[in-house]
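Following this line, the structures themselves.
Next, two complexes with chain A in common: one pairs it with chain B, the other with chain C.
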Partner chain A sequence: MEKEKKKRLALIWAAIAVSYIVILILEMTLRPTSMLLTVLKKGAIYSLVAVSMNLLNGFTGLFSLGQAGFMLIGAYTYAILTMPSEVKTSESVYKYYQCFITFDTGVFIGLIAAGLMAALFAFLIGLPVLRLKSDYLAIATLGFAEIIRAVCQWDVLGPVTNGANLLRRYIDLTYVTIPFTDIPFPPTLFVFIVAGISILLIVLLINSSYGRAFKAIRDDETAAEAMGINLFRHKELSFVISSFFAGISGALLAMFQYTVQAQQFKSMMTYEILLIVVIGGIGSISGSCIASFLYITLSEWWLRGLDMGSFLGIDAPNLFRSGFRKLVFSVIIMIIVLFFSRGIMGDKELSLTRIKGFINKRGMKKGKKEAEA
Partner chain B sequence: MIGFLHDNLSYFLSGISVGGQYALIAIGYTMVYGILRLINFAHGDVFMIAGLVMVYLSSSLPFTISIPLVLIITVALGFLIERVAYKPLRSAPRMSVMISAIGVSYLLQNAALYFAGGLAKVYPSIPWLSSSIVIWDSTTKMVTVITPFLTIALVILLSLLIKHTKIGMAMRAVSRDFETSQLMGIRINSVISITFMVGSLLAAVASLLYFSNYASVTPTSGSMPGLKAFVAAVFGGIGSIPGAVIGGFIIGICENIIKGGASIFGIPGTGWTTFSDAFTFAFLIIILIVKPTGLFGEKQVDKV
Partner chain C sequence: MSYSLLELKDVTMQFGGVVAVNNFSMHVNEGEIVALIGPNGAGKTTAFNCITGVYEPTNGEILYRGHTVAVSHPHGKMRKLYAGANADLYRDRRILHPTPDEITKLGIARTFQNIRLFKSMNVYDNVLTAMHLRAKQNVFSALLRISYKEERRMREDTERLLKEQDLYRFKDEKATSLPYGKQRRLEIARALATEPELLLLDEPAAGMNPQETKELASFIKEIKERYNLTVFMIEHHMDLVMEISDRIYVLDFGSPIAEGTPDEIQNNERVIKAYLGESNEI
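Our next item is the complex of A and B:
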């Protein structure tokens, strides 16, 4: 048994290593502007935020809709901290304000600070909000995300957040270097490493005793409390950790986009992330990752034609005009929500035995059909 | 004091008017929540769709036809949303119904974006409603004055409907106990449909008033009023219609007082409008912590 477990673990690690090597090779061979790399980067970023939302909604049973707000805090913290101080003092970004934060930090500190800042806000917000139940919690967290967005655009905070204007010229993905050298870090690999480590940490958390407590709270709060689980402490912990990773993914998104503006982090964004989680299956980490990549690939790449006038060789500029892609998407999402509410993975995880079982089942069906014929 | 009131009358007037519009939307939220225990996230978007439909209809039809048509289309939309998106999930966990509601909201916004484009559409100026009027030296639109009276009249009608008709009685029974009323022979599905239709009708009226005042519609212009009306419903105690109305007025007035912060409190700054949005949510959180059942809400006891 023990041997089998070890073997399986080794296989998983090998698969992860192979996928990272594949990404490195892709990065070396493809043009940096290629669609595949863009999709991979954005997909990894969305995977991280979807997994962090799943930790709350799927594993702790807290229906929170504040993810966009925490991403905003992460993105802004990162952008403000890593913007070189000479850019801050010049007029190119802070045109109307005197920048208040005059120092700048590296990428690593920026990322960690982004997470910590989001976690700090989550801790403060969680103190009152986590005492609420299901739908009240949803609306209160949604409200807080809106407040965060409003306050970030407030002109009194202009010296820090640059008001409602966008932030740019911070260290984005093209400026990341390998530590202690000047060699540029392969951008896609960087995103994958940061997102991968973060998701790994979340998986480890879910499999720990804390994770079991989270699941107990999800299944039955009263029973969990009777078993001696401190409800509030565990909810707060889950909320803070989820927000920490949402903050990091916000920072990654800022790095990916080259510019960042508070206006972008609307409640629509949270809805999108929630729908990704639902498509992947509430309570499945691998489901969230698959759904994120699928969602991003479809919306950024494969269904692009729906917005551009021609799709699958059909030219219909009147039908396939701007916005049609999102309309098709929302119809698909509604179908999934109504008829396949378990999503791609349900609450199961992707594993080798499952894939094997799936292939076997199909093979058997095929065999049967052939036999009947 | 009189002078102060006189100088800032426009803020108070528009506060009362917006408050009445929020109240009409909030009734839709509170009635649906009372019966299904569902936050109908799509309600704000139904309100927006009513505005867009009005823009398109009035470009080719006279107001005497287009206004009733808008009301009918919105009611049909409310009915359709309930049948397609919420009815199949009646026995599903509450979270999936809420996700479905979010999905509908996403769908409506994207549909509006596709059919109407992202640019703001100019709302037609309805004769008489949009004409200017001078009250105590401050100029405002007729709609500002009409809204509170119309709101109160509609609420009285609604409460007559709920208190004195058979369907109203059925609604009250369903909101008290879903399963028992089913056993008593009440046709749940038709009661729920009618609830959605009444809510949508009021949202359509609110959209006529609201957009006459603001004069432009975008696909996202329903989400903010929707959220604020929801806050109003929570403040009044969700499930209670008078509560929703009072909540709507209070939120509308407070919000406009904050908007006028620069002249009312004498503190300069241009960020007051942003803050009025933030205020609503801060207010919501305070209510939820201090008195989660709202002003007139019933206390709920959790059973194991």
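Our next item is the complex of A and C:
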């Protein structure tokens, strides 16, 4: 039993190592602008934010709609902190404001600060809202996300946020170097390492005593409380940790995009992430990751042709024009939601035995059909 | 002077206009098995909910080992609405209302009338989760597995408890897929995992078959001895109550109508009257 477990764990680690090596190889061989690498990066970033949302919605049973807001805070914190001070003082970014923050930090501190800042806001929102028995968190976080977007563009805060103008020339993915050297860090690998470590930490949390307490709250608040689990403290904890990682994913998104602007963090973004969580399966970490890559690949790459005039070799510029992709995409999502109402993975995790079982079942069905014929 | 383990003084619980528990005073001494009986809707579960912090009593005081854990007087809207007794007795006391988890930490664990297991978890995790409150780890030590020794000890304790409760063979099954009687046992095991001194059982025999109900009496005595418990239980099965209780309290329409040993209660006229309309169990 114990041995079996160890073997399984070793296998998982081996699979992860292999996938990281594959990414490194892809990075060495493909053009940096290749679609595959772009999709991999964005998929990893969305995996992280989807997993962080799942920690809250899927494992603690708290419904929050603030993901975009926390990502925004993360993105801005990171961009402002890592922008070199000479850029801040020159007029190339802060054209209309005198930048208030005169120092700059490295990538690592920038990322951690991004998470901490988002966590701080979550803590403050949670203080009043999570004490209430009823679920006001969704409304409060949605409102917060809208307000923070407006506040970031507010003139008065211009010396910090650069008002409604975009931020750029901070340390983006192309400027990251391997520590203590000048060698550039392979960007996709960097995103995968940061997102990977973050997701690993969330998985460790979920499988700890605290994770079990979260699940207990999700299953039955009254019983959880009667078992000595302080509802407020554990909800606040889950919310703060979830937002911490949403902040980090926001910082990664800023690094990935080279520029960042408050305008883009609309509630649509939160719904996108929620959709990914639902498609992947509420309560399944691997489901969230699979769904993220699937979602990003479809929307950014495979269905692109639907907007561009030709798809799968069919040229139909009248049909395949701007907006058609969204339509097809919605239909696909509706089909997924209809036929996998509990998401791709339900609340289970991906494992070798499940894959084997799936293949066997398929094989058996095929065999049966052949036998009948 | 020695204190009772649990003491209720003039506890009244009023919901809107309904006085569910009216001026209820009682105590449970260490090592006793005390039963709370009464017809349906008498306010027994409500009394439990006041003790465990689910409800804030409208009036009265609750003490554990002589220390006040909850005290209240009619305030806010209740000031006008209050229909219970002793409205002025606690008026000068500062209101103290603990949350249920604080009560559990004090050493009072409970089960529920309509079983409340953690649905998504298996039998093993249901018990393991209940050990969280005694864990010394913090988030970081838990996350980075610095407290792996404590985790291992918790797992060993869980296995031991499951074996003692004869639930070990079900450990990987979903809690809610167990037969009803076993679910009740599991709920008790889960309560024991919080390391209580006082165990509150809300109708532990409800939904059990006659055989299981019979076994329950010896089971309750057995866990009481093994884990050094004091037991306070609500129960409708009079055979069970009469067999194992040291003392019995009777509630009727929220008000206490009798208190005494099983013999005294069985011959108490008010109790017989209260139960006559209901059933012939007594």
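We take it that the second predicted complex is superposed on the first by the 361 of 373 C-alpha atoms of A that agree within 3 Å, B and C clash if a C-alpha of one lies under 4 Å from a C-alpha of the other, contacts with A are read in each partner's own complex, and residues count from 1 in each chain.
Everything below uses one rule, namely that contacts are C-beta pairs under 8 Å (C-beta built on N, C-alpha and C of every residue); 3 or more make two chains touch, one makes a residue touch a chain.
Just so it is clear, the structure is predicted and the values come from calculations on it, not from any experiment.
Q: Superpose on chain A as described above, then tell me if chain B and chain C fit or clash.
A: Here chain B and chain C can both sit on chain A without a clash.
Q: Once both structures sit on top of one another, what is the angle chain B-chain A-chain C taken between CA centres, to the nearest 10 degrees?
A: 80
Q: Would you mind checking which one, chain B or chain C, touches more residues on chain A?
A: Here the partner covering more residues of chain A is B.
Q: With both complexes superposed on chain A, which partner does A:Leu201 reach: first (chain B), second (chain C), both or neither?
A: second
Q: Output check: A:Val278 vs chain B and chain C. Expected answer is one of first, second, both, neither. What do you get?
A: In the superposition, A:Val278 contacts chain B only.
Q: First (chain B), second (chain C), both or neither: which does A:Asn230 touch?
A: In the superposed model, A:Asn230 contacts chain C only, not chain B.
Q: Using the touch definition from the top, say if A:Val337 reaches chain B (first), chain C (second), both or neither.
A: Only chain B is touched by A:Val337; chain C is not.
Q: Just checking: does A:Asp347 make contact with chain B only, chain C only, both, or neither of them? Give me first, second, both or neither.
A: Only chain C; A:Asp347 stays clear of chain B.
Q: Quick check for you: in the superposed arrangement, does A:Ser209 touch first (chain B), second (chain C), both or neither?
A: second
Q: Given the touch rule stated above, what does A:Thr222 touch, chain B (first), chain C (second), both, or neither?
A: Both partners, chain B and chain C.
Q: For A:Tyr96, is the partner it touches chain B (first), chain C (second), both, or none of the two (neither)?
A: neither
Q: Just to confirm the value: shortest Cα separation between chain B and chain C in the superposed three-chain model, in whole Å.
A: Distance of closest C-alpha approach: 9 Å.
Q: Which chain A residues come up in both lists, the one for chain B and the one for chain C?
A: Looking at chain A, the two contact sets intersect at 222.
Q: Touching chain A in the complex: which residues of chain C?
A: Answer in residue numbers: 52, 54, 99-102, 104-105, 109-110, 112, 116-121, 125, 128-135, 137, 139, 142-145, 151, 154, 190-191, 193-194.
Q: Please give the residue numbers of chain A that touch chain B in the complex, ascending.
A: Touch list, chain A to chain B: 57, 63, 128-129, 131-132, 134-136, 138-140, 142-144, 146-147, 150-151, 153-156, 222, 266-268, 271-272, 274-275, 278, 282, 321-324, 326-327, 329-331, 333-334, 337-338, 341.
Q: Using the touch rule from the top, collect the residues of chain A that touch chain C in their complex.
A: Touching chain C: residues 201, 204-205, 208-210, 212-213, 215-216, 218-220, 222-231, 237, 241, 283, 347 of chain A.
Q: Show me the residue ranges of chain B that touch chain A in the complex, using the header's touch definition.
A: Answer in residue numbers: 37-39, 84-85, 88-89, 92, 94-96, 98-100, 102-107, 109-111, 113-114, 117-118, 220, 223, 227, 230-231, 234, 269-271, 274-275, 277-278, 280-282, 284-285, 288-289, 292, 302, 304.
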